[in-house]
Amino acid sequence: MNSPIPLEAPPLLEARGLAYLRNDEPIFGPLSFRLGAGEVVLMEGDNGSGKTTLLKVLSGLLQASTGTVLLNGEPLTLARLSHQVALLGHLLGIKGELSPLQNLRFAIGLGGLRSGITPHQALKSVGLEGYEDVALRQLSAGQKKRVALARLLLVPAALWLLDEPYANLDREGITLVNRLLELHAMRGGAALITSHGAYAYTSGTPRRLQLRGQEAAA
Amino acid sequence: MNPLVLWFHKLGSPPYFYRFAGRLLPWFWGAALAGLAIGLYGGLVLAPADYQQSDAFRIIYVHVPSAWMSLFIYAFMAVNGFIALVWRIKLSETLAMAAAPIGAAFTFICLATGSIWGKPMWGTWWTWDARLTSELVLLFLYLGVLGLHQAIEDRRQAARAAAFLALIGIVNLPIVHFSVNWWNTLHQGDTVKLFGPSLIDSRMLWPLLVMAVATKFLFAASLLSRARVDLLELESGKDWARQIALAEERA
Amino acid sequence: MSYGSTTSACRALLQRDLSLVWRQRGDALNPVLFAVMVVALFPFALGPEPTMLARIAAGTVLVALLLAGLLSLDALFRSDLEDGSLEQLVLSPHPLALLLACKIAVHWLTTALPLLLVAPLLGELLYLPQPVLPVLMVALVLSTPLLSLIGAVCVALTVGMRRSGMLLALLVLPLYVPVLIFAAGACNAAQQGLPVLAPLLWLGAGLALALVLAPLACAAALRISLS
Amino acid sequence: MSEFVSMGGYGGYVWSAIAIFLVTLALEAAAPLLKRRRVLRELRGRLRRARKSNEENT
């Protein structure tokens, strides 16, 4: 093969020496890892090991105490939060008073729309067909989570940061999350998901990161 | 690098600042106490009585320096707050927050002594005159900064939020002063002018200036001792803080 | 892919917040009810003589509206914080200050506007002299958005605290003093037949300044509070 | 001397103003000293806990 070696594209997400301190107590880190397109990484760690904080730092909600976050090789700053990251936290960011459809329309307005999908299709693919116009308050916790997952399908973010995506879901829901993650990875997206270990990402062989308070091992 | 810049950089490190402030403290306390003694002696004994206000005017020696300090400390707090927000320097956060209670104390003194002065001069404990009212708003601003600082769990986040409030306050203060002035004014004009001839006898003036300098030293001394303790608390996980705790235990 | 423009983000936010308010339109009446009750207390405390009530009418209406606004301020970011929408707002790629300006606008529309509508009625309860009413209304139109904007910055600083009510009042009231002074000053001048333009112009200048600066300050404060 | 204390009839006002000044500033200066004792006590407690857990581990 004599073709010129292509310059290696920077990974979608890279953390370099990332650490976060609160009241001078380390919450996590220092931590370095890379996440390329098509990868799903499962972040494991006990309660209080700083998983949620890590996701907040990676998304740009919190500023790291030391280290840098690079998105496509460029440092993440507050002034330039990009369209490339979607965060699904413990709080789902959806309104109980509105219907799933209204919630999704708002999410699209705020974050943009991926091509080739509509809110109706997204709701259908998370198994909520027929629930479009029910007030969210009347849905179960698992169904609310599915609405939040539908939001991920709609917004054009390449990187998903999911905090405990399996919580509140039944077996069928867990399979759904895994299917969505697989689909996202196949499209060239990447995802970082946290779990305290009770559930597992079953399909494929995901890379695992262990988060143990102060140090983390890849 | 420029040696001065280098020194500032070193001063920003908490253990260095702790030692540096510790060495300065006795001098500052000494200068403050000596200045207060001289200023009060000059003001209460040596200065002649005022031809209009008789001896009641002597309250000026505690009232006016406190009023100056209340504004000076607010400006100091806001400048440090600005540095803390823009460059995230821990020492500036600490200094800004250490200054707030001292400023509140001086503002309180200014209001209390002003009110005591008002009783014999105006016949009431309180008048809604422009400067007294502005000073009252200033006290509320100080209390707001202190309250916000106390209400937030994370110490550094608390310092940043309170510093931000201090900055809003510094925009607000001239507006308050202007509006209150527009609203009502009864107060006597400035007695001491920094530029131009002063309206006050020099035997009355020098104790006032001595008091002004003494309160600056008092502020500096109190600020440094507060900042030292706050840094010790903030950095209690670090080695240098542990060493100090152990050294104190042995002593 | 379509990333969506900032305009469409603002429109989506306005639409969502307005429909949320519409779903709980009963709550929108609470500040109005509060203002009416506060104003009704004054004749009980001071006696029903019309001349005396007429003298304090404009000031009382102003203070009642200010307090009613303060009471509703706390809810500005509360529900968004509790369900995580605030995080999504902060993470959105659009300028946060602009999005917050939309939220403040909705807040003003839904809490201050009803108060403005009942202000003439409140004035009538206190025998507000007829010629003062237009000046009071202009002063209110200029000062209520100003109060909302200044208040939003302070709410952003206290967002996430469990018991923020008293602290919020402590932070906000010193900042409200100049607004109250100029608004009441205009009414007092009108009552004495003096020119009213100067204080109203000062209010207008303050509003213009706050319209630009307050959303930026609000965004900065929110970022500090969420960290 | 009594003339000095009475301050031309304004003694009560003048001396109470001076007293407020001195007492407030004295309290203000004492606060960091008290806090310093508390912080050092907590720090020493932490060190003792750390030492104890070290001994248990070894």
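When the chains are written out, they are named A, B, C and D in that same order, and each has its own residue count from 1.
To be clear about the criterion, a residue touches a chain if its C-beta (ideal position, glycine included) is under 8 Å from a C-beta of that chain, and two chains touch if they have at least 3 such contacts.
Worth saying up front: this structure is predicted, and the values here are computed from it rather than measured.
With steps allowed only between chains in touch, the distance from chain A over to chain D comes to 2. Set side by side, A-C and B-C show the greater C-beta contact count at A-C. Computed from the mean C-alpha positions, the centre of chain C lies at a distance of 42 Å from the centre of chain D.
The mean-CA centres of chain A and chain C are about 38 angstrom from one another, to the nearest whole unit. Chain geometry summary: the mean Cα position of chain B and that of chain C are 33 Å apart. Spacing of chain A relative to chain B, judged by their CA centroids, is 49 angstrom. Counting partner chains per residue, chain D has no residue touching two or more of them.
Among the residues of chain B, those in touch with two or more other chains are 236. Within chain A, not a single residue touches two or more of the remaining chains.
Contact between chains, using the touch rule, shows up for A-B, A-C, B-C, B-D.
Residues of chain C that touch chain A in their complex: 1-4, 8-9, 11-13, 15-16, 19-20, 23-24, 79, 82-85, 87-94, 223, 226-227. Taken together, the chain A residues at the contact with chain C in this complex read 59-63, 78, 81-83, 85, 87, 89-98, 102, 105-115, 156.
By the touch rule above, chain A contacts chain B in their complex via residues 22-25. Chain contact summary for the complex, chain B toward chain A: residues 154-156, 234-238.
Those residues of chain D whose C-beta lies close enough to touch chain B in the complex are 4, 7-11, 13-14, 16-18, 20-21, 24-25, 27-29, 31-33, 35-36, 39-40, 42-44, 46-47.
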